[in-house]
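The structure appears below as structure tokens.
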């Protein structure tokens, strides 16, 4: 903490040195300018007449959504079941693939640095690309339907689960690994006895967490044709049936809340 | 698990008979669980109808698409790509800044230990709504309200950011070190002073870390909300895919991956700097 | 049976951990390795079972050159050397029995160990060892549910299940209270006598080394500076090993009262119950 001497010869306390003060000021100024510049780009690309109209549009939308057409809910059970399946099967598939990738990507379990960079590549590409983009790709490849959704969710989950899991593997205690190696165990046996027990709880937690996220994600995959309740949502929006849209929203809200509750319960039971 | 092993297990082990204790005790429960899982798998997989002819037809496209990654086409739609990227990046930055600023009061309000009950309930409701709905759904509503373009996208992302940040911030505040707060309060500090001297120093490093993380998420989300007309690179990507212009699509995806990597690298540096 | 000749170790950082170690350990001898922190004690015993790669020199166990081994040969050599660790190094989430049986991993194939289908005589021997260290009732407990002294007993049982010819012991008492430390050292000593095992024991506590070892080797800055019987270990020699210190003086008249071993904790009572 810098203490300088004032003109009267008394020690003067400042929180930062003068140079640090200026640097901070410059950084804030730069940040502010960048923000204003970005804002300008957005504002140039916006039709402000529509925005002025937003309040009226919003209330209009609300009026058309209410009251919800509850009898539409009966047609939603099948799409909802599909959505749950996309999330669950997709998570299971993704977790199965992420498991080996994580061990190849962790510094302390990878067989070779080259393999490690390859595994990290897989993780980064899977993570960077949103599941909706994966779904768009897969719909053009395997055709519209639940299958595209399942694979999209699985591909997106590899990166998420793989990243968190390999970080957990890198954080294990090294002493049990040393001890098991010292018994003359083979590489696989060391994995099975010293590494796996240490990361299994993290693995279960991460998978559940991803399942939770995937339920949310799978509700919109239908917008690009990959099955589930998103298909119904898309159809209702295209036909401007807003009273059906509100029913779908209520369904999604309830499902997500329930899934969050379920995963919290399972997590507590497991750990 | 019992404190002491049963006599039977001890006797068996003495004779050389030992099996690992199963994770789920009780053979009945184990079987019930296995049957339930199997039944679900049969029902779920049975309801997935796959058009194998279509899949076979698509296999060729998959190969084309993978081949496109070896020669991505950055040039033929250069203008669209650049416009989309600029929109995505500006949306990302502004929405994160606005979202984080708005998340701070909501997060304070959603922390049970410093907020009165009515405010707590309101803030928690905001968080629940924002977290439950995928960004795309919110984007649809905002596009209807604000018209096509990046403004709707920015508001969408800011709204999603509020839910994300406020929840984590509230959890942080709920389990912060209360003794430091009491110590500052004991000096006779007012509410604002307590916030500034006792709570802010404790939550600030994590707040910065989470903001960087959210910046990353917002960029990735900004690449898809264009599908419903909320601006950004997503619209360009969607068009190129539906026109089977795989070279352009591959180029866009590579750019997205590169930017995510760069931002991850930058955020790890920022985090080290602020700690 | 164990011979080290000119063993040296230099870490990639350039730090020289060991230089020119010559050491011969006859069958059945319990040797204590003493020296200040950072003298290279841990590195030395880890060089023997190649958890650390020695940079030069030769290490022979009953005529077999250990430094040249790799793959299956190294695994076979490692299983004939049991190792006991400072922080017990048990796998917390596995049960006591699984931890003990992991001592057989060098002998059984992967799938057998994966499904925990160990041969009957292995299980019988593991149980006998658990009885010997007084923990047979805890066989289904998770390792992290045990106290420090109990965990070290499990670690000892695991090392012995390897049917080793040599024990490598790394600071066995560093995290234990004085009473438990003594019990553990006595147990190791007795087991070595029962089975005619040689042992190298790294230890901080000079008093324990004097009491339980046949021979003491002093290490300083990676070199052997003393090698002899416990009775030969004089204060002058302690000074060459550890540096200048008043070895005999009592600091304060009250000090002896404070040096009394800590009152036995609850687990010690439980332990003595189990041993009886």
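Just so it is clear, A, B and C label the chains in written order, and each chain counts residues from 1 on its own.
Keep this in mind: contacts are C-beta pairs under 8 Å (C-beta built on N, C-alpha and C of every residue); 3 or more make two chains touch, one makes a residue touch a chain.
Treat the numbers as computed from the prediction; the structure is a model and nothing was measured.
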item: Chain contact topology (line, ring, star, complete or other); value: complete
item: Dominant chain pairing [most C-beta pairs in contact]; value: A-B
item: Length of the line joining the C-alpha centres of chain B and chain C, rounded to whole Å; value: 48
item: Chain centre separation (chain A, chain B; CA means) in Å; value: 3
item: Residues of chain C touching at least two other chains; value: 98
item: Contacts with two or more other chains, residues of chain B listed in rising order; value: none
item: Residues of chain A that touch chain B when the two form their complex; value: 34-35, 37-39, 41-43, 45-47, 50-51, 53-54, 57-58, 61, 81-82, 85, 88-89, 124-125, 127-130, 132-133, 136-137, 140-143, 145-147, 150, 216-217, 219-220, 223-224, 233, 237, 249, 252-253, 256-257
item: Touch list for chain B against partner chain A, complex; value: 40, 44-45, 47-51, 54-55, 57-59, 61-62, 65, 86-87, 89-91, 93-94, 97, 128-129, 132-134, 136-137, 140-141, 144-151, 154, 220-221, 223-224, 227-228, 231, 234, 237-238, 241-242, 244, 249, 253, 256-257, 260-261
item: Residues of chain A touching chain C in the complex; value: 175-176, 178-186, 188-189, 192-194, 197-198, 200-201
item: Complex contacts: residues of chain C adjacent to chain A; value: 49, 51, 74-83, 85, 87, 89-94, 98, 102-107, 110, 113-114, 155, 158, 162, 168
item: Touch list for chain B against partner chain C, complex; value: 1-5, 9-10, 13-21
